[in-house]
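What follows is one structure encoded as structure tokens, with my remarks underneath.
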Amino acid sequence: MKVDNYLPREAEITKVVQETGINLNIKTFHLRFTDGEAMMEFQPGQFLMLTVYGVGEAPFGLACAPTTDCQEIIISVKETGKVTSALHELQEGDSVGIRGPYGNSFPLEKTSGKDVVFISGGIGLAPLRSLIDYVLHPDLRQDFGRVQMLQAFRSPEDMLYDYEQQRWENSPGTTVKYTIDRPCEGWEHCVGFPHDLIDEELDCQTEDTVYYTCGPPIMIKAVTNELVNLGIDPEDIITTLEMRMSCGLGKCGKCNIGHRYVCKDGPVYSYKELLEMPDEF
Amino acid sequence: MANSYNEITRELQEIAAEVFAEHDIKHLLGFGRGEFSGLTEPVFLKKPEEAERLIFQDDAAPMLSKYLLKYKPDLQAVVAKPCDSRALAYYISEGKISRDNLVIIGINGCPGIAGNTACDECDTRNPVIVDYTVGEEMSQEELEAELEGVKYLLEDMSPAERKEHYSREFSRCTQCYACRDACPVCYCDHCYVESNQPEWLEEGSSADKDMIFHLMRTMHMPGRCVNCGACEMACPEGIEMRSMTTHLYHRAKELYNYRPGISPEQSTLFSDFDKEDSEPGFLQ
Amino acid sequence: MIKKLTAQDLKELLGELRQKFLVIAPFRVKQGRLTKVLYQPVKTNDQLSSIYFKEQPDASPKEYFLPRDDRLAEETAGADCQPEEWSDNPRLFLGVRSCDIAGIELFDDVFIENDFVDPFYQRRRENSLIIGYSCQEPADNSFCQEVGIDPLENENVPLMLYDAGEGFYLKVQDQELLKGFEILDMLQELPEAESSELEEIVTENRKNFSGDEFSLELELPFPEKEAFTSVDWEEATASCLGCGVCTFYCPTCFCFKFFWEEIEKNRAWDSCMFSLFTAHASGHNPRERQDQRWRQRLLHKFSYHPTNYQGSPGCVGCGRCVSKCPVNLDIRKVLNRVEKTLAGEGVKGNES
């Protein structure tokens, strides 16, 4: 029996990166446990509960890959509510609490040996990054096929991880496409919503390819519809849901979709599974 | 004289048929008997054949006005106790709902609701705004005779006694918010208790927080509360809370001769400033 | 083993038990305009004569296991959980009816699982001994038998109390569970009764439970997707005001939220009937309307929970949500609607 007392482990913020700040305020935090014990074990696609002491807790998808050189936890946080606003006030050296990791993970076994397509909207890129960095890691790259990415942002100022993009673009067998909502001077990439661009910009094979998508609920719905229209098997479309996870243990009841607790048997679901679930996300 | 529940029930069923015949309504909102519980519950009647489901009993506590906002702007008919009619008049005066979208069946000479102390001191026994009525009107003389000598709770309490009283009462609060949800004039789209930026009310249910919740609700009530007692009737902990809003109700009446929801044309208490108005402060 | 007790015997027994236990029993309590029956700790032996068995308590004893406000711990490095001191003293719950026993069993399923144990719940539960009580007549709006609960007999507690009008019978059902509590020694002096005496009482009382107008035909779990989409939830639950009374009074509702006071982490009851329950910080809310929240409450009890826990119902049929609802919105009426809709679609139980 595993006793869980709902209490976090203390971690220190080692680095804060201001990702965007004009339309949306997004920062990336690097965290390291202070108790000197080992880094937590996790899988791409899992999430953690982060405590800002004295304020509260919120769930964040892990934005780093569990590779051998992974020494820090990385999360990207959009300033939206009470906890995220307080977190944005914190600086290097400040302490936070971490519980987790929680939830299931991206299906690595299923993805192994296949082509991988990532379609993200805004901060939906953050949880996907845990798998992107995994797939593109030099030690693991040979386990996967071709990698295609379509990253959507509101505007050029809202791009995430610009310091990583070069590395991703230069990875072997990898193409990265970017799109923004509206045309903008000096922008040389795509314009428009990602679901409208999938057919044109990506080579969508129906065999031996796994599609990962994450973003605002409305984008996920549009993208999955488009992929299904292109003949992709719903089982090969993987997404991660953002619900209001709170306990992370399948108890508190805030993330139910039907009988499922998204914090426990999610947040990663194939589109096939989503179709079987009540439409309540 | 107050009318009997049975008489009101009989007349309601007759008039409901008329209302269906004369208006193309989305539904007629009234009271019916619970199939299994036998308790009185709000019903939303869709067809004239359902008219016989209407009843009026001494446990018809819910304020039906509360539901009208949910289905506006459709044309709706509603059975209105006098206090409910005041809530409706207040809605109209605030522009929350259009008079044109309402068919009001008012209950004259309301016999009141069992256990509701507000009914014992009710100053509105006939509806203030109607299209149809049931029951005999109650005369002003009768009303005054019934109110003779009625005191409201806070009148004779010192501040210390009040504090002790409310601390004891609110200690039972579970923050279920039934009082707010049952209150016809607690209709804010976004209640302050549901705001966390800023967080007006911190989470948790310590005595202090329970007190803050009730005090803040009270401070939204002057010029709104129609003194119907729905808050207390809804409270599963039997918390005596109405006396606070009732106090404000009486203060507004004394100071500005203002009673909310007396007429759909009246302006609201706080939008009707006159530099001659007395300003003694509400809380004394 | 069945013991026969006079009212005086029971008082004396409880007096003795108080040496060892914190005895928690139902009492009539005045609360403003209401007179309620509530579980309260017995503080003096004098109070023992006021224990009130005649009606179903207004609230189940759930707050003694999952307090409305529960201090967990300070969120400091290496913090350990320390529930309040009383949880170290054994507690004796007297007069718990089958519905509320089933409520506690449901909590056991949820909070003490193979892959998860809630230490706060566990400590409280392990320090609690329950004496059940056999109902004599149905409580208002109750329908326990429709969810498979026997209001008269309950094998799942070590001791069961039967009201015989003049005095009581106490049935010892599980001596193993009583070990270490010295209760059996205390019972030794009392005269034994024949099981036929008890059977007679149960048979007589059972007659009071035959007239249920409401019946639940559909097997559990309700088919999730069909129930979710095909029922007109808005029409069935139009009168709901959105308060949390039904969930707070429900013996099985366990959903909770965390909140913080400085660095102290606390847990409090939450309610799926509240709009904030599922609202994201971004403003997105998967359950924006009240009928969606009602659907969640009902289907959690009759579909989702049974799916997750081997068909076990998430409702114990105590009827409190009906009796306490400010607008008397009746879950039986809504269940009826669900059944009729699903029957119309040719869906039966979980065969689909």
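Residue numbering begins at 1 within each chain, and the chains themselves are lettered A, B and C in the order written.
Note that a residue touches a chain if its C-beta (ideal position, glycine included) is under 8 Å from a C-beta of that chain, and two chains touch if they have at least 3 such contacts.
Predicted, not measured: the structure shown is a model, and the values here were computed from it.
Comparing the centres of all chains, each the average of its CA atoms, the largest separation from chain B belongs to A. Core chain by CA centroid proximity to the global CA centroid: C.
When the C-beta contacts at A-B and at A-C are tallied, the pair with the greater total is A-C.
Taking the mean of the C-alpha atoms as each chain's centre, chain B and chain C sit 34 Å apart. Centroids built from CA atoms put chain B at 49 Å from chain A.
Averaged C-alpha coordinates put the centre of chain A at 40 Å from the centre of chain C.
The residues of chain C that reach two or more other chains are 257, 259, listed in rising order. Taken residue by residue, chain A touches two or more other chains at 81-82, whereas all remaining positions touch fewer. Per the touch definition, chain A reaches chain C in the complex via residues 1-10, 34-35, 51, 53-58, 80-84, 97, 217, 242-244, 246-247, 249-259, 276-281.
Against chain A, in their complex, chain B makes its touches with residues 196-197, 199.
Within the complex, the chain C residues that touch chain A are 72-73, 75-81, 110-120, 122, 221, 224-225, 228-229, 254-260, 262-263, 265, 267, 270, 272, 277-282, 284, 286-287, 292, 296, 299-300, 303-305, 307-308. On chain B, the positions that touch chain C within their shared complex are 34-37, 39-44, 59, 61-62, 66-67, 115, 117, 169, 172, 174-178, 180-182, 194, 202-206, 232-240.
The touching residues of chain A, counted against chain B in their complex, run 81-82, 85.
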